[in-house]
Amino acid sequence: MKGRAPLRRTPVPRNRVPFVLSLLALAAASGLSFVLVAPNRLVSGTGTMLADLPGGAGWLLAAPWTVLAGSAFLRPSRASRLAVACAAALALAMLAALAGAEAARQVDELSPLARVSLGGGSWLLLLIAWLAAADALQGLGLGPVARLLVHGAVLLPLLGLLLHGDLDSLALLKEYANRREAFHDAWARHLAIVLATLAPALLLGLPLGVVAARSERLAAIVFSVLNVIQTVPSIALFGLLIGPLAWLGSRFPDSGIRGIGMLPAVIALTLYALLPIVHGAASGLRQVPSGVIDAARGMGMTKGQLFWRIEAPLAVPVLLSGLRVTAVQVVGLAVVAALVGAGGFGALVFQGLAGSALDLVVLGVLPVVALALALDAALRALAARLEARS
Amino acid sequence: MRIAAKVADCARDPLAWALAALLFLALDMQALRPLFAAAFPALDRPLYEQEGFGALLLEHLGIVAAAGLAATGAGLAAGIAVTRAAGREFLPMVETVVSIGQTVPPVAVLAIAIPLIGFGQEPAILALALYGVLPVLRATIAGIDSVPAGMREAADGLGMRALQRLWFLELPLALPVILAGIRTSVVISIGTAAIASTAGARTLGSPILLGLSGFNTAYVIQGALMVGLLAVVADMAFERAGRQFDQRR
Amino acid sequence: MIEFEHVGKSFGDTTAVEDLCFTVPGGEFLALVGSSGSGKSTTLRMMNRLVDHDRGTIRFQGEDIRLRRPEDLRRRMGYAIQSIGLFPHWSVARNIATVPQLLGWPRARIEARVDELLAMLGLEPARFRNRRPRELSGGQMQRVGVARALAADPEVLLMDEPFGALDPVTRRSLQGEMARIHRASGKTIVLVTHDMEEALSLATRIMLMDQGRIVQDASPAQLQADPANDLVRSFLGRGPR
């Protein structure tokens, strides 16, 4: 005397995220250009579709993508997830390899001045492959450090190709080759700006944070000032600093202070960096449970011991979170600093902008994004590791 | 007596002061000419006169408003979609995309849009809209997720349809957080729009960029003042509006 | 009024309820009693389709509940829960008026009904109509919760441990209200509780559940006179024989 059959909507497909990603990938591969070929740097390129690659090479990409599409219909398991991650890594590398090979062929055929850049389809496919890998790896339940390593591993084949020189004919790498020195200068400068900002920001921000945690009144003042600073757009703050610094420079000509250059940039960026750090320090200290503090005082700890042994360590996770936000923000804001002569990757970006050279712009943007993502991931892993230990 | 009290309140209000300063400078930057001339005696053009600051302000606001509307619409829609039962599956992926998106500096989005679309207002509006979606999307997700499960169950149990529950319960309760997201989005757009002058759009950033390339610090300061004031006014106005909504709780 | 025929529900690999067969006639005050995990809440929530059953058939007023939209079913039932779930951005009156407004009642009728319910639950209409939920005590909130559940005069009232979060005095008082409402209106009420005392004092029929099955289904008097097994006895506060 069984009742009616169980009411269950048949799941076709079972996992909607890989399914949607597969559809998007199909649309990108068939609808958008794979590479853009231009005879020289000044002219914009014409698109070549994936399907039009000589020898039908484009169809090779179908292999890893079939794995991805297939995973949409299977019950998710450890094996299927790892398979998708490997397929994604393979797809990333294959895509780059195909683009690199096509670029080399075009440069051979046309001229050494020819510019072959990745088309919209390629960028989208790269992003989709990464998202598919991230989606698959998320279900594995890895610890924070393991997660970081595995995500990095997905990029290894692609990085291998890059280092091996297989991608050198792409316009992006040609720009790099032409401006190797400028690139490394920008890299060093950008890093210098970030570090020169974070150090004083921490030196100023941590004590301010402690003060804000202790006194509500002072906290209100500190935060309202910092909030106003955060609201002012970066270009405006850089601009407003130029005047006073130029004046100082003219008064003390030997000090090396000038209105433009790294100094206004670092000062402005330090001011911006203060809010997340002060907020992180103050919240971190405030969330230490009062029971813990009571117990420590009851055991006879002095104020100093209480702070250094109990409060500070317990506040570190929240502080790290604030530091992470700060670091990512500063890396991004440092790009605008190039407008006031501070150098860094922004210089490449704005040069590319002025010359309508998209590849130069991308050459400046990619390292910034990579650096920001790397810092974000590393600090997240560190914070998670510390939390796991405590 | 009521009017006198209101005026006194206005006089104490920082938003009123900032707004007054902004409007004054927009309409009559000329009045400060002697000040700039004295501070920068070496410059023979201490005042930016290519366009009126009022016109620049309106252009700037136009771009920010257009982008802001698009960004808010898209962010709200995506945020609502991803918090429905059917869309939950996509939440981690969307959050990953948002995280990656937030590491790309807004300037970069602008810089990539320009070679693709050309010069003028369009790439600026597109770039601002694209980047502006992220804070709104994040805030919508956070706001809707903050509605307690018990309340959602009560609404379902009473017989509200999903759309009714969204309109009568989830959105009103999420509104303060969503407004905060829109506020962030708009303030960032104001800053990025200033840089959009590199794209050929006429904004309050034009004097700044002209000043930077021409070593005219006075121009830079005039432009920076306007942009800074505008951002501060917008931020305070949104905060005020947010507080109004919260009082209704 | 409500019929369960061989109803079963599983969540993944766990079976929540299995082979439930019972009928709730009109006017009954049924108490579903059991410890946590016994399946009593799941059973209640299957009645208004907040949970959809996997096996068997459930009928309301003779009609399979799967034939209509869930919202339409729920608007014919009242639903009150432990966490109450009053909407904080609406006044007390607006909260109570939720379902009548969804049903499109005329404004005058809604206002009259709100006042009637507030009075019925011992809250002075003039004082409480325009209050916000955050201005109410726990007991007052749950009274409003019950009023909201009764607003559209539903045929059935479903309650899931509604008094669990209240202090003993308030709980007593509200239990008295429920008994009074049942006597006066003759409504069918299904109450989920882990408190046997509450069930014994309020219900006309008690169903004790354990691990997803019905252990004993009887009136309070029968249950106390003739407990089916040791589990029932332990719920009644007596040791195993």
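As written, the chain order gives the labels A, B and C, with residue 1 at the start of each chain.
Definition applied: a contact is a pair of C-beta atoms (placed from the backbone, for glycine too) under 8 Å apart; a residue touches a chain by one contact, two chains touch by 3 or more.
What you see is a predicted model; the values in this text were computed from it and never measured.
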Quick one: which pair of chains has the most contacts? A-B
Centroid comparison with chain B (C-alpha atoms), farthest chain: C
Rounded to the nearest whole Å, what is the centre-to-centre distance of chain A and chain C, using the mean of the C-alpha atoms as each centre? 52
How many Å are there between the centre of chain B and the centre of chain C, using C-alpha atoms for each centre? 48
Measuring from the mean C-alpha position of chain A to the mean C-alpha position of chain B, what distance in angstrom results? 23
Residues of chain C touching chain B in their complex? 48, 50, 71-75, 79, 81, 83-89, 98-99, 102, 132, 134, 145, 148-149, 158
In the complex, go through chain B and note every residue touching chain A. 39, 89-90, 92-93, 96-97, 99-100, 102-108, 111-112, 114-116, 187, 190-192, 194-195, 198-199, 205, 208-209, 211-212, 217, 220-221, 223-225, 227-228, 231-232, 235
Would you mind writing out the residues of chain B in touch with chain C in their complex? 148, 150-161, 164, 168-169, 172-173, 248-249
Can you list the chain A residues touching chain B in their complex? 15-17, 20-21, 44, 131, 134-135, 138, 228, 231-240, 242-243, 246, 259-260, 328, 331-333, 335-336, 339-340, 346, 349-350, 352-354, 356-358, 361-362, 364-365, 368-369, 372-373, 376
